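The two complexes that follow have chain A in common; it is paired with chain B in the first and with chain C in the second.
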Partner chain A sequence: MTEDYINICLADDDQDDRLFFTDAFDELKIRTKVSTFNDGVELMNYLNNADSILPNVLFLDLNMPKKNGVECLSEIKRNEKFNDIAIAIYSTSSSEEHIEETFINGANIYIKKPNDFETLKKILSEVVTINWQYHTSGLNKDNFLMRM
Partner chain B sequence: MKENYLHNSTLLLKIIFVISVAVIFFIGGITFKHIMVLKKTSTWVSNSHEVNAELERLISYIKDAETGQRGYILTRDKSFLTPYLRSKDLVKNSYKKVSKLTIHSRTQQANLKNLLFYINKRQNYLSKTLYLTAQENYDKTILRNNLIIGKNAMDSIRVKIEGMMIAQKNLLKNRQNDYESTMNYTPLLIYLTLIVTLILITIAFIKMNRDLATLKKTIYTLSVANEANNLAEIVGGFGSWQFNLETNDYTFSDNEYRLLGCEPQSFKASIEEFAKFVHPDDLQYVIDNAKNIPVNSTLPAFTYRVIRKDGEIRYFRALGRVVTIASGERTHIGTTSDVTEEVYAKNYIEDRNRELENNNKELTAFNYIASHDLQEPLRKIETFLSRLVTKDYDNLSKSGQQYVSSIQSSANRMRILIEDLLQFSRTNKNEKNYEETDLNVLLENAKQELTQIIDEKKAIIESTELPTLKVIRFQIQQLFINLIGNSLKYSKENITPIIKINCSTILANDDELLPQNNHRYYKFVFEDNGIGFEQEYAKKIFILFNRLHNKNEYEGTGIGLAICKKIVENHNGFIFAQGVLNEGATFTIYLRAD
Partner chain C sequence: MKVYLKYNYPQLTKKIIEDKLSELGYKFKIVGFGEFNFLEKVPNEKLVELTEYFQEYGIEIVENQKSVLVQKIKDTIVEMVTSDTPPNVKSSVYIAEKLNLSYVYLSSVFSEVTYTSIENYIIIQKIELAKHLIINTNMNLTEISIQLNYSSVAHLSTQFKNNTGMTPSAFQRIILKRKEFTNKNNS
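Here is the complex of A and B:
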């Protein structure tokens, strides 16, 4: 039955954000398995472990201690093993530099953390149900930033 | 040009001088010869007269002797014999004189010898007669014969003397003829050469006069230029120097010395003397530069320090170039300027600039980080509030619910403020990425951004065709968003907001709001039918954080229009606002078309 679950990972150093994130998925009626990591190092250790189940969608916070989101992103993109993971940047910032940098490094979508829990739920449900293959082929700088 | 002219002129004058001297020598020679001729002629004339006079005297002495003798014979008075006795010596003297006077004429000498024969004969017969008559009974016939011979001799003497006189006259005449022929054409020659000389001298005089005038003018111009140069050096705070590459001689202008705090020309101009004033740390640098002078024909400007006579350190700037002067010598000329004030000012400005740059960087970073990092806690406050409202709203008391919604609106307002500030600080950034852009696309994007509020208010936006311009894309899009957003925000309740966007090209000269020049501008007019404002606030609304309304009536941060102004200024344009209270506002933007 594990095949029916959508595997989701979140790397975020902020405890509150992890809480909002897991709460949102709890309230959403989607069959998901959410794993959270406190920083980039923790995340990469998990991904590089041969026994780990690789996520379908990975949410990456940018500003993290030890190893930040951009470092994780380029590391993942360098490894063919992770080719199938859709990567969503999940950050407070919506600055041009960050959007540009992550787009170039191969992230699939950029989500600005919303101010409202309902919006968050809406965004997350949309992101996990996106047809990634279709989305990625038509990806450009304008639709890279997710708008609600 | 002028020098060449003077040079040619000098050559001409030299030629004229040589010719004139030659002519004068020539005339002098001829005149000298002429005078000698004249002198000779007059000598000959007087000589001839003397000869004639002496001959007359000679004959009269002989006659005196004859007359005396005759008287004696008749009267036997011995007193009559005195002239006779004296005449012998007198005749002898007279004869000697004539002989001396006619020494150069052979004919006259021959005549004289002939004459002497008759004189002697006559005197012989005189003494014979006297001797005869001295006896008591002398033969009368012998006396008569003697007298006849004496008379004949006397006649011969007369004829001879007359002949001599004529010969003398002829001689004089011949001589005069001889010289007259030479004398006839010499005055003409002298006259002609004199005229030629006069003409030449006149030409030389005119030439010299003209040259003098040119010279005078040149000297005047030169002295004025020199004076002006001196004055310019004093006023401009620079000195000049010359270095003759052929003779290795230096010349310093007066002000060059003054710059060093010395009296003009108070020491010999040389690189060694000058080097004594150069700051020790810069000396090698100056020497290296000076060494390069003959190699490079220009001396690149360089700045160095000197220690003046009074000990003050000044900054000098040297500049020079090698030129070839009129005499063909290569000379390195240059200037020295005292640039101390400029150097200090430049240093000050550089320091200030660096400081400002740092300040600016810090401010931008601070602004960005502050707005950015402020968002995180705020977002959490809002998210927790939204959770509280959805989950536990009903458990709150009435006042509790009131407080929560107040917190929500405050948090919301703070978020808008932070977002606007972030926007403003981004507009401040220096990155000027101008791209050829179709403004219609940017307007469409702006409308897209505002879809929600446009739909909410059912607003109508009409626009004419917009041009394609070189702009910073996201900024112009932001400008459109802010202007349209502004009109929508301050729309009247219960009336459909209508925003008209119009674009036209104008010449700056034709618009009193613009600086008067010939540039072409695009004039964008955003006109709405909103609440408007009083014209007196038209300028104030563009100032950061300036608001015309209470925040309870209309939400807003007072940053939006400030951003608009900044964007337009980034594009070297102008923005103006016009408002009529309760009727609407018009924003006019001018962007350069060329």
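Here is the complex of A and C:
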């Protein structure tokens, strides 16, 4: 591979969810580097720092203190610097309205947080794999919508 | 007069590689015999160029061979999917014949480099094309399913749903609303 790692970021205020998430990536065969953030403000500070490595895929929890997922999403979508980041909403909500709204706001993927570890691993592996195809095969990112 | 030569191969190859890479303006570090690292991002096209460049010295870029092969497989798949006359043989046979290599070998290299299988990649390409046709043409789903060589509309819809988690019509609705939303924000 010419690029060795896939960079992943997660913003989620729930510590257990963050741990669950990093453990799942550790067990995947795809080589990833995962950074986690406790809330939207922390995440945006990182992304806006010129020295930061921008993630290939960003996972956003919707309900977070200080700055929630939808606010982060809108900020990211307004800045051209972040055009290449695929955005996955990672939420406990499965309301149709929520899902459609985040897609319209520019999210690429909507993941309803699964209850068991094996399902999470499967979902994350699928997301990273398909994103990799978009990344390496010049597919049209505007059409990248996926719900799991 | 006869002159006898003795070569120091590691030194010889190191010198050639150093000179050539410097000449082409790459930043690199030689890490050992038969191995160097680029210190910058090098796109695949450049690697292909470099492969040809080194060929005249009998130097082969080994790792890149796989990437080149994968690119050929991908090109064959795209060509197959977008063609108006779909091949009348199974895609595995078509790809193997086209590249003149065994399908078992091709699929193992493909999975190793891309993290996905050839079968899955074909589906991804077909669904991407379906998305394009849904958004950019007036074709209906039946016409699209014929164009993409699906046995029925139901087959296309199911595969679309499996791949994206949503139906073709939900996809279309969201993309249209998103365009409206972005236009409103930009005006």
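Please note the rule applied: the second predicted complex is superposed on the first by the 128 of 148 C-alpha atoms of A that agree within 3 Å, B and C clash if a C-alpha of one lies under 4 Å from a C-alpha of the other, contacts with A are read in each partner's own complex, and residues count from 1 in each chain.
In this section, a residue touches a chain if its C-beta (ideal position, glycine included) is under 8 Å from a C-beta of that chain, and two chains touch if they have at least 3 such contacts.
All of these numbers come straight from a predicted model, not from anything done at the bench.
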item: More chain A residues in contact - chain B or chain C; value: C
item: Which superposed partner A:79 touches (first chain B, second chain C, both, neither); value: neither
item: Which of chain B and chain C A:105 touches, first, second, both or neither; value: second
item: Touching partner for A:15 - first (chain B), second (chain C), both, neither; value: neither
item: Touched partner set for A:52, first chain B, second chain C, both or neither; value: neither
item: Which superposed partner A:113 touches (first chain B, second chain C, both, neither); value: first
item: Which superposed partner A:129 touches (first chain B, second chain C, both, neither); value: second
item: Residues of chain A that lie at the interface with chain B and also at the interface with chain C; value: none
item: Complex contact set, residues of chain C against chain A; value: 41-44, 47, 67, 74, 113-116, 121, 124, 128, 131-132, 135, 163-166, 171, 174-175, 177-178, 181
item: Chain B-facing residues of chain A, complex; value: 14, 16-17, 20, 23, 92-93, 95-96, 113-118, 120
item: Contacting residues of chain B [partner chain A, same complex]; value: 368, 372, 375-376, 378-380, 382-384, 386-387, 390, 411, 415, 426, 474
item: Of all residues in chain A, those that touch chain C in their complex; value: 1-3, 29-30, 100, 103-106, 110, 128-130, 132-133, 136-137, 139-140, 142-143, 145-148
